[in-house]
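See below for the structure under consideration.
Order of writing sets the chain letters: A, B, C and D. Residues in each chain are counted from 1.
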Amino acid sequence: ALPLALIAGPCQLESRDHAFEVATALKEICARVGIGLVFKTSFDKANRTSASAQRGIGLKAALPIFAEIRDKLGLPVLTDVHEIDQCAEVAQAVDVLQIPAFLSRQTDLLIAAAKTGKAVNVKKGQFLAPWDMKNVIEKITSAGNPNVLVTERGASFGYNTLVSDMRALPILKDMGKPVIFDATHSVQQPGGQGTSSGGQREFVPVLARAAVAVGVAGVFIETHPDPDKAPSDGPNMIPLKDMEKLLGDLVAFDKLAKKTS
Amino acid sequence: ALPLALIAGPCQLESRDHAFEVATALKEICARVGIGLVFKTSFDKANRTSASAQRGIGLKAALPIFAEIRDKLGLPVLTDVHEIDQCAEVAQAVDVLQIPAFLSRQTDLLIAAAKTGKAVNVKKGQFLAPWDMKNVIEKITSAGNPNVLVTERGASFGYNTLVSDMRALPILKDMGKPVIFDATHSVQQPGGQGTSSGGQREFVPVLARAAVAVGVAGVFIETHPDPDKAPSDGPNMIPLKDMEKLLGDLVAFDKLAKKTS
Amino acid sequence: ALPLALIAGPCQLESRDHAFEVATALKEICARVGIGLVFKTSFDKANRTSASAQRGIGLKAALPIFAEIRDKLGLPVLTDVHEIDQCAEVAQAVDVLQIPAFLSRQTDLLIAAAKTGKAVNVKKGQFLAPWDMKNVIEKITSAGNPNVLVTERGASFGYNTLVSDMRALPILKDMGKPVIFDATHSVQQPGGQGTSSGGQREFVPVLARAAVAVGVAGVFIETHPDPDKAPSDGPNMIPLKDMEKLLGDLVAFDKLAKKTS
Amino acid sequence: ALPLALIAGPCQLESRDHAFEVATALKEICARVGIGLVFKTSFDKANRTSASAQRGIGLKAALPIFAEIRDKLGLPVLTDVHEIDQCAEVAQAVDVLQIPAFLSRQTDLLIAAAKTGKAVNVKKGQFLAPWDMKNVIEKITSAGNPNVLVTERGASFGYNTLVSDMRALPILKDMGKPVIFDATHSVQQPGGQGTSSGGQREFVPVLARAAVAVGVAGVFIETHPDPDKAPSDGPNMIPLKDMEKLLGDLVAFDKLAKKTS
């Protein structure tokens, strides 16, 4: 099995400078730790808990920044799409299109993303069983695109809570595609703060270690220089200064996991 | 409180003649039973479990049929939208735009539906708590449209199962909008048949009676002359021939519920 | 079907006078409303959230009070047992032995209760599916006692929350025994207040109406003259003064339910 | 932190010879792997799904076997108790009394076990949140016994399914007692085979690795020379021949986990 990869970045693309600050820092950390990096950030948060929440800088402003990050930092870039019409345009500026969990059953969006020819990372809906993802993957591959990643990010567990079922990881792996564990959104408390979602940052390393020990292709961890001031997912983002220790640990667990399995 | 209303029809718009057959029969049944009817059918099933499942006749073919049903039968028509771009066009041919449960957090779709000025029936996501719908309703009303209906259709409960929490009905009602109970999708077993969803038709009357006794503005019940041959949601649709008895019972429970509460 | 019956009383047997006050009041209410009453109270709360919580007056002090209530008020009495050794002794003073939900899988306790020859009301464990109760009932009937009642009281739903699945009622009914809906414990929030369980009294009528509309043999509702001062289950007990209106409504729903089904 | 310990043995004490066969084999395996062993087996399965299921050889027959295993093999022995009266007697023959998950809220049983002075391993109820165990532990420690172990074994997740929430492990650890992860019962499917519980043996190593990577004091794994012929929990026991590889992997993960945390 290939060594562990990392999908990381700030939840929301706040500005060119902010994105470069985080991407540059992550690139250096990952080089020291020895882990491959895909830079992730969102140009639009299309499903915020509340309509008054901040959504991001938008597609038009984001694409040149994505392109610049790829060019200047040499990093592959991942971002999420929400509309069929966005897929082709976004595909010109990024390496991986991501399908949000709520949209993981929208056939046309999956097919539009597939048809760009870019890799597609599809998040497992909070309302889906692991085995339900087989049909989701087939919607993409039957559109002619075999480059699919599948991301586990928790299942609904009562109200305003998610639970991470580690059994999902080998079930998803058996579908033949790289499996990513999203440690950031797995500790989200959806809608848990009334007009925004809460989160439990302290459990990101806990769930990430568990998932890596079970065996995954990659981890997805959102990070921010100052999470408590971030416009979205602050409660579950890891401070940038804590990433190196966390990633170092995960790389060690990954080596052991891939040696023993 | 107003008397119970009914949103009903075949899950999928199969053809003009099929739609007229069901709508005509329902109109006669509802007249005899004394319950107001909104005719519901879908022009596209955009989130089928599997990509190879039948999706429907499409928007272009459906709109004239919707218009004809309104004209000739005098019935208000409801259908669901999946894309922002569909809202304005669909709004010309129907009375109520419905937001599917999976899409209940997509801010732009909610706002686009709101801006048509038509009534918007938003289904509560399987991954949402009842109180989370407050923010969803506000996304619509803050776009200038106060005509919102809220539909309960079950919450995720383990894998491939939904549970109907009857406490949700008064919680939703306190938000000041008419509450609909969708008895058809509440008995769905999502993904429960591998490449399609299962269902438990026998529990439709059970949950519908419970909800009406608690107190709702309306019930949503999909029906078909021959459910086992229907292209979607067959396992949880009620045979058309059983609707009159069921609706008669529900009207009796509704009268009692609204007298005693 | 027989008309709706009621199992009611204060959660905990606080004193002889308190029990008589509540039992007398309930007897008068039930006579006016036209509903059969079984008086319920507990001599010991053996599974309190915290060891420092008040447990009750104990078996020895309770039995004469139970006997006196039966004699003087002519009411059948129900209480719960927690130990095999208690069954025979308690059976001499009451009409129905109740098995707590947490103990619904303890084979020897079920059999000891069965062997007293008294009716046995077994509560469905929060961790059991409705169909799992078939084996529980058989543990009792195979010990020679056909007089079993089965009580629905909610299923675990995430942490510190229960959900009432109304589908459970017809599933349990198909097992051929009277089905009781416990509206008091179904609105419990187990452990929800740190060192005690919380509750949502306002949903007792909601769930009770739903269950009666679906069709049950009886309802179980704990009540207290001053619930906020009760030593246990205060947050989910109904004030005694509100019982008559609630029971009157439930009787009306029951008549309709048994006429239409 | 101390190195990982193992609680293991056959679910049910089938006979003296069977127990010695498994205990001897486990002792040798654990010596080779370098992991401390507590031998576990049950003299009575007091909460079988069905009354007709095999329950075990009973207390009287089991105690001499427990004593002999301790004497001849030098292994500490753990067994579970179900009745208050059993605690003192069982305590004479074993080192650790275990409280079954269904009984984890029974105050008197917890206190009776505590008063023996032996270590008490209390399993977290399937219906409890991790933080609810604080009160359970205090029931034992306030009876004068600080030697408590806490075991995670899954939480109810819909019907007939458990889910292992890895966040529970650090939450339990913060209560200051050794935390055990029961990989055998966490993969149980309670009642999942109609008159017996199912299980998913293939996920035992998955969940065990995850838990050890998160950090636990010990793992609990039931094993059997021929699980498919075992009288209980066969579907989720690990074949004895597979234990050495599994334990070797877990020891490696434990060393890494305790070095990096």
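Simple rule for what comes next: contacts are C-beta pairs under 8 Å (C-beta built on N, C-alpha and C of every residue); 3 or more make two chains touch, one makes a residue touch a chain.
Note that the structure is predicted; figures quoted are calculated from it, not measured.
Among the remaining chains, C is positioned farthest from chain A, on the basis of C-alpha centroids. Superposing the C-alpha atoms of chain C onto those of chain D requires a rotation of 180 degrees, given to the nearest 5. The distance from the centre of chain C to the centre of chain D, with each centre set as the mean of the Cα atoms, comes to 33 Å. Separation between the centroids of chain B and chain D, computed from CA atoms only, is 48 Å. Centre-to-centre separation of chain B and chain C, using mean CA positions: 37 Å. The set of chain A residues touching two or more other chains comprises 155, 157, 159. The touch graph of these protein chains is complete, with an edge between every pair of chains. Every residue of chain D that touches chain A in the complex is listed here, in rising order: 155, 157, 163-167, 169-170, 187, 200, 202-203, 206-207, 209-214, 248-249, 252-253, 256-257, 260. Chain A makes touch with chain C in their complex at residues 157-159, 161. Contact residues of chain C toward chain D in the complex are 46-52, 55, 82-85, 102-103, 105-108, 110-111, 125-132, 135, 138-139, 142-143, 155-156, 159-160, 190-191, 195.
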